[in-house]
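Would you mind keeping the following structure in view while I ask a few things?
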């Protein structure tokens, strides 16, 4: 671990983003058709290693079904518009039409509507009825309040996702969520994060989680860095957590915890690099919100965009031109890594001679900061 | 200390700016409400670790009172317009309306007016009467001429601030300020700087200063680098001076000298990083000059902007839209690190699990140059 | 070999592009007129170390003859328009006039026309009749199908060029090309690539190839990095493969395999650096497509631009103003490294005191990333 | 000396430009008035360590006198317009008015006029008559042809300046200039360059030169890098040559050869850094061509701009607004390092506590690449 002296009184590691690295072909090649990009977590099989991020601009009940049928794992945000409103469709349309000057304030108002437990139940049952793997996400803050509703409604996978989730949260006001006990008592596998370092991830793994989301899961990286000074360059974060997975595998006598890159994964090239650094799958937000049939209607936002006191993200205009299917499975239309992203992953694996995602984690990479050249 | 060979005949350390680093969450998390950002220096307590820079665009008698009431420590420039003119308000308005082509020349003329000792007395007494901690700043060049006026008027904290202040200034023309004797004889605690290296800061600490301003305190970093070739990347400078504090604490048998980052602190993210590198507090200029109620009326300038022979700074248009209170305590309006900066600091501390500023100096950081991505 | 820890679970080498390095004069100087830039591969002598890339925007039968007469080695793409159409001239004109919005789709349609073996024969015989060295290129995928046609038509040099060509391609569908046996049985020298690492290149050398193309030979580097996450910084790639050449020279008891930089060579400065890193020659695409008499008529594209499912390159507008002769041999017109590129190579060699290309591979270089300053 | 592995077959040093470094104050401070920026080479004393570059856009007979009176050392280009034409004033005006599209061609024509030895004599005698130190420059190619004319006309300092000048030039056509014999036989001190490395400079020092110009002295660095692939980052080059000076001082038993930074010195900050790296003086081109009274009338060009076959520089529009005197001695007008450059040097030296140029070569520097922040 290379530590750099920032000044006499402070040292820090050099950390790398996906833009800082690249994959290099260095051995045999292979036909793209003979490459598998399948992913299996717990009892659930997916044709593609893609989770849809629990954000209102990415996953609605409709796109959840669509993504599930295309082979991925959609996660519905159980604290979003779909559990606050019977029919949020007009509000989604309104958000897409807001003037930037008032967008934050109006979104704060829209999201001030309380969550309705009965809508949680209704949304999850609808997904079940549609035949896709059912996954819903809560923030750590609200998990204790709503988990029972979620479990009673029936989920296959339970996601706890916050900007930073630690195994040990300190709070004087309320009994904090004891992740270890919670996961132990729960019947369904839990995917939890974000975590951005070896230690944080190892602690999450020890809670019994089936998967760890790697990243600072909420709010655009850019604004998080500007407002909070916090930044976890993703290539380093994924590679760190992958090592925690390896060490925990040994420590636990064989529990394989999945590593899911959640953040900084905007193009097919980023997916390739996330796996190259050790990810088993990726959670996609903006990459899917770009779909012409995405609920955000060309816009994308996270919970930070409408935080009451400290809005740290922004509603971002994306302006894509391809459908969800074209984005995932092609055919490609632009050469910018935003369409046919699974085709690009297959080709990258074929060009470097790997046949499945797990094996591809070993591919050779170089550090070569990308300066837009 | 990593030294790099620039060429065979010259070596230099690699130095880092705040943009080069970031904080990384790596352990427990905590509720933001349970975080303290209080700061105590000598007998004075502050709710927030923020000094208002002694610049006419930042601190007027009115904003001094406002900043004091919001919990910070305002420092009035005792060589600025308020000690040169009975009522500089029309001049502040004029400066804000100057055409860029003539701004430097006109500002040189405005600041050519002599300092009136009786105005120093009047301004400081007014602050005292308003009930806030009274702090005024002089440059090292004028400290000998006016310090008695200042002390007689009554100050709680005395600030000596110049581009670079050394414990040993060499001058053949006049008896230079002997900082050690001056501070020893003075009754009030002295905060002095800028200093940008371990050695320079250690020497300042040995003069008996209560606090050291870290930075090249005057003139925008950009223009200083272009005109003088001088640059002290702040992350390295703060970390260096923090180590000097540690060593001096030992050497002096327990004197804790406060380290105040003064320069390069433009956003809440920078405040987070300054403390992460070892700062006890920050001195804010542009960050506060952005306030709609700041005296600079949307403009910001330092003494270098109206230097008679070598103007090295420029009057900068800032164009903020939030009040001083919103900037410091929120609610946030933009996700750019310019509003609710104390809320952002709290959240960064909570996310990384620290409960007070001193403890947060130990947070983990990474080196990850920010390329605007 | 410097390995960097990206994160705990992943290491990678730091790799450099041509933009990251520069040549430094450090010894004697020499008259440019006394410098030789000649290149000899197998029995074929060339006045300049330049191959024309097998791309429809670069090499047509006419420009092949022109380039050959100017001293270089043109390579005709045997899977391009000239072997699909009797007279592709109108199609080349159409491609140059396509609206960007429909360019990819129309090019996909144009290139859907099957290859005609009799046109391969006709094109190669015309080149032979013109008296230039005859070289044609196939992709690895089509080499088995067409190689006999090519050899029967008569070629001096056979080029197998794909994005990544490995000595061992794995395919379940068809018998993959066994390069070693193929080259052994063939009568003509084979140049094969791209390869981007020491190992990949060494394996290609062991197949008996006369030359190895270094690079990721197809598709713009920029889009390949974005879509596939793959990038092989050229300075490092060439220097790696040059070492493979040295090691194979020893291992084989004296077989000298030529190293040809293919990709990232856009200016005369890049040619200088490619040779400085160990290249024997360069393969030029865009640099020659810029010619006013180039077949692309101001546009440039590779096979990736019209890939059916995953278009990864784009038709690029180049807009040059010099003829092929001016580009190669001058006189220079612009100071941007796009004209008189052989004159620039001579001058760089003269300024650093080297008299031939092989010797110039030893020139001193520095690492100094170019930030557009 | 840190060597980096570019690839397995090639290593190179990391080299730094002035933009990559900065000076850091780390000890005492000093009054700017008590700083000396004087420079003495051989018997000649100068108030400021500034040579005016022998370029038609910088030094005419008139500006030579002006620069000499302001304390610097002007060098007239003896191969420029003033030795080709009786009165080049109309041509200078024409060059300043040329359309960019035809500028190179027209300048090639203007400079095709032969050099008149009698004009060399006339120009140098006029300088002598004006009472300034007389210095003229020839290229290495023409030194043998014209040196006798120059010496007979009378010069105080003889400058031989080319893109790269080596102690050993190889030429089959003509007897190359034997620098050692030439300098030995000459009565006047010789300043020679450019040289960019330790070895090249050491060899030049051994020829008996009084000073070495450090840099790649001709053509903009940007275009040289693009066209020739050659680049000598100036901070490293100056620091290397300064070490050669130290070693040669020992080897020669006390001969101190002056190191003059020639290239990359565009602002006062660059001058500060050049001296910090070990330079005794700087040769200024563009920095002086910016003067409203410069002969280039707002334009600047080197001999490369009108090279017959390989134009590598360009006529650059500079657009300054200050006189030569304001540029050198102030008062400053802009905060961009282009005016009062000697005042800035004094202030940088005072801020860091140094009292003369030689001593300032020891100032502390940091490596902190400047990213426009």
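Letters A, B, C and D mark the chains in the order given here, with residues in each chain numbered from 1 onward.
The criterion applied here is as follows: a contact is a pair of C-beta atoms (placed from the backbone, for glycine too) under 8 Å apart; a residue touches a chain by one contact, two chains touch by 3 or more.
Keep in mind that what you see is a predicted model, and the values were worked out from it rather than measured.
Using the average of C-alpha coordinates as each chain's centre, D ends up farthest from subunit A. As for how the two copies subunit C and subunit D face one another, under half of their interface residue numbers coincide.
When the CA atoms of subunit B are superposed on subunit D, the rotation angle comes to 90 degrees (nearest 5). Mean C-alpha position of subunit A lies 40 Å from that of subunit B. Work out the mean CA point of subunit A and of subunit D, and you get 57 Å between them. In subunit C, the residues that reach two or more other chains under the touch definition are 14-16, 236, 371.
If you draw each protein chain as a dot and join the dots that touch, you get one closed loop, with every dot joined to exactly two others. Pairs of chains in mutual contact: A-B, A-C, B-D, C-D. Interface residues of subunit D facing subunit B in the complex, by the touch rule stated above, are 1-2, 14-16, 18, 21-31, 33-34, 198, 235-246, 267-273, 276-278, 330-337, 340, 343-344, 347-348, 351-353, 364-368, 370-371, 373. Taken in their complex, subunit D has these residues touching subunit C: 4-10, 12-17, 19, 104, 163-173, 195-197, 199-200, 216, 219-220, 222-223, 225-233, 236, 304-305, 307-314, 369, 371.
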